[in-house]
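There are two complexes below, and they share subunit A, which is joined by subunit B in the first and by subunit C in the second.
For the complex of A and B:
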């Protein structure tokens, strides 16, 4: 009993340490810049939503959030749609070059993004894709599709093959079996995969910044450019940062049960 | 599980192959192309063979960046792996606490990488940051923009804060997959907490821990945005890691040839390590099936 108290205590201490930097940014975001530079304070004495109102009313700011959401959703959709059949193939079939292709896919997850920076810019320029959402979505496929295949393959291999065999004997065609029976069986896996695709696309900046100029500029890039422009407005910067955490927090909240189940299966 | 043998499965893999090939093979070919040519402008290019590779391999700043990178990744693994396992052991196994812990722990992972840098700039500034102000009031002049050591300490704190949750989540996944019967057997044998950890939990977590090790090594080796925002590679070159140096050469100085040669060498190093880790991973998988 006592041991458990110690464990809980340590865990709560860790959570507090984990939350401190985020709390500090929240604290900054609720104060004006003059107030922040005027004096050190552990909590906002005159909390104001000024910074948030500025971000949510100026198109230059809030369009960044919309752009990020668009390419992240596109990327998650493309990654899932292409990775589902491929993961099925890797988990069920042996075919020429299967192991090599699987390893090759994984190497792309591990390729330094900086290596692909210039060639990507050239490639997408050639196809007239610079500054479009689809360009960023496709670029992020470089690391998200391999990851999606990897995770889904793990979940699919946990489903006994007898289910496939029975369905085919019952006269199911492959697409019908796959969509109506198989995908519902691994929906926890699909949820976990979508979570990881969302996460890695949402947090990536190097590609997103390189491939966009104005029309599809992500929020994270809007922030860095504002920093370099007219001095630093700490309050505004902090508010923009807090707002980038919100979508991620919402996504975790929605998949939390899937996440627990997915983790219970021991893959990810 | 025995798999069916059928090359028609290639049709299922084809969409993935096309998407990834578009983003991987074509750009990689471009890099190879650059690495053996000297480019002055459109239509003005000369074949220079392995000239750029020689130049890059003799670049002392690149050697420094490489050692710095290995030191950084090594420290990251040494701190984050034990810490992550420890946190996973503390997490509750059932009840409402499970979801609450998972959501809290996953939060830092969903913050864009440059925002992570921003958070830590704000947190560690001596004038307005809690961390910076606290250390300064303890009598230590802390400033990560002036002292390389302080810059490294700040970076390590940031990195550990940011990524230990991933190790903890993976380790937790491994722990959850251990059947209750194992613990019952341990209890009957009167095994100590340490023995339970050493002989049941740790071996059972081997698979997920290898994945965690692999991911943490790769991502820390490729780190770019966080140190770029926090320290910009400085003070001096003290936190200039490989990616930061590469972007400096490629985009800053626009030295396409050396940058391309550098890219290929960088990629080969990562590839070598991923292959080694992948082999280890395969063997771990086989060990578990038996």
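For the complex of A and C:
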């Protein structure tokens, strides 16, 4: 056995351990509750799509996905639209306190969300925003905008300032330059930023559950519903879990080549 | 167009980048800004372009104040030292970009882009992205973009410095020909005296943010007004030998007497610094009038087809430029010969008192030509370019 075989073997083992819970969830989602509780099986002996059909047909279930999608998209859009100009300013201009403000942005990510829960609840109640998508989208900006600014600033600083100047010399106005030249240059960065905003907003539960009741209730909150007097609805919960992973996995596919740079906040 | 800088200064924080620059450039003129790195050449160009705002002073175009005017409203083109192109556009779109914004119709744009690409040998590359080009091709694209529009002010910031020697030679000649046809103010910065001489035109010698001397390039080369100018405008730097003139006798390096003929005649008695360029120092006598300086070799440095021999006479270090590879042993005793009529005379404050009469002196030095040989390039042999006219 040579070194390569050992490497491959270890890698396979690692992936088995990694994928095991997900496989187990998939396994459960394709079985009925009675089957799951009836006995141990490595694979579903009588696979059924019953759980999935229930989720996709019952408004109480699928509206959770729609709500999540809506506020996540809103949040991603808001974060990008505010972070793009902010990141440009941080990367291109020197102004009083720029470095402090830039660092302060990051500190917003250092406090647990629970700290902001009470003030946010009061604030959104006052403005009658409780149980709306925009409420959750705005609340998630608290940690997504700073992140987006940091990632985009990293990508923007990798573009030489002379490109901006050449564009002005060529006669571009600032908005035209920004949209037609600059954004295409950092499109990988924009993609990665969008992904990170999407991901953090999609997995966040605390704000999403506190700021919504019924109309904008996210899927994560709906899933806690399956715990009832009659016990856990195992199959249904597993199916919901699988469906929750899908959007994230799809988005990751698009930015897979740039993820490392994103995790390094664009500074590689 | 006339571009005028009126006592322009630029300070960033406490550092002075440009101090009190007064310059005038006319349409059709070729201008070289010569200075070492960090002398303020780029800052000066950026001020002219309007990319930076002067701290004090005004910039006038045809007598009209344009100091605070937006860059895009001025008719300026600039080529940077780094190769700057739009990475997401093809070479064609890169070159066409300034035209597209001027609402020109598609056919005209295409024609103009092809014309410019033709001059710079870019036609086969028009569909490529800048990242797929070599450094020289990228810089040619950048130059093409600056030439395609009729900019009244064409600024080139050491455009050839990041290219290898062969390409630099080629492009330098091409640029010469392009500038010749240009109805614009061309300003070109460089750190190399040889490049400045080859481009000819007018020169601005700048050092530590201060303009030292301006004038026609060959004239400034032949009469550098101060010791600083002579240093910046010589490669290797000019040699200085302290000396005195006493009546009708001159002495250099304490004990070597020189005849006071030609331009040395009639200089008031006193202490002076004598300057002599490395290419006017020889290891063999070139004529009977030559003065001999005994020296010890400290280092010989072979650079292309040239050898720079660093020698020392008592306290005076000298660099002798010999053509061909002529290595000398360290510590070897040699005689260095100089024709007294090749000596520049400066007073102790550094101002020029007298300079050698002309490019072709009475002695044998004319043979060697006037261009300081730069790292093995043989400018004199080139069939084109201003270098020959010297």
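Note that in this section the second predicted complex is superposed on the first by the 249 of 268 C-alpha atoms of A that agree within 3 Å, B and C clash if a C-alpha of one lies under 4 Å from a C-alpha of the other, contacts with A are read in each partner's own complex, and residues count from 1 in each chain.
The rule we apply is simple: a contact is a pair of C-beta atoms (placed from the backbone, for glycine too) under 8 Å apart; a residue touches a chain by one contact, two chains touch by 3 or more.
Only a predicted model underlies this, so the values are computations on that prediction, with no experimental measurement involved.
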Looking at the overlay, what does A:36 touch: subunit B (first), subunit C (second), both, or neither?
first
Considering only the touch criterion stated at the top, classify A:163 as touching first (subunit B), second (subunit C), both, or neither.
second
Looking at the overlay, what does A:173 touch: subunit B (first), subunit C (second), both, or neither?
second
Across subunit A, the partner (subunit B or subunit C) reaching more residues is B
For A:66, decide between first (touching subunit B), second (touching subunit C), both and neither.
neither
Between subunit B and subunit C, whom does A:184 touch in the aligned arrangement: first, second, both, or neither?
second
Between subunit B (first) and subunit C (second), which does A:253 come into contact with in this model arrangement: first, second, both, or neither?
first
Residues of subunit A that sit at the subunit B interface in one complex and at the subunit C interface in the other, please.
none
Over in the complex, which subunit A residues touch subunit C? Could you list them?
160, 162-163, 165-173, 181, 184-185
Residues of subunit C defined as touching subunit A within the complex
49, 51, 70-72, 76-78, 80, 82, 84, 86-88, 97-98, 101-102, 145, 149
Subunit B contact footprint on subunit A (complex, rising order)
7-8, 10-11, 14-15, 17-22, 24-25, 28, 36-37, 40, 42, 78, 81-83, 85-86, 88-96, 98, 101, 103, 105-120, 122-123, 138-139, 141-142, 145-146, 149, 157, 161, 199, 202-206, 219-220, 223-224, 227, 234, 237-238, 241, 244-245, 247-249, 251-253, 256-257, 259-260, 262-268
In the complex, subunit B residues that touch subunit A
1, 3-10, 12-13, 15-17, 19-20, 22-24, 26-28, 30-31, 34, 87, 89-92, 98-99, 101-115, 118-120, 122-123, 127-131, 133, 161, 165, 169-170, 172-174, 176-177, 207-208, 211, 218, 221-222, 224-225, 229, 242-243, 246-247, 250-251, 256, 259-260, 263-264, 266-267, 270-271, 274-275, 278
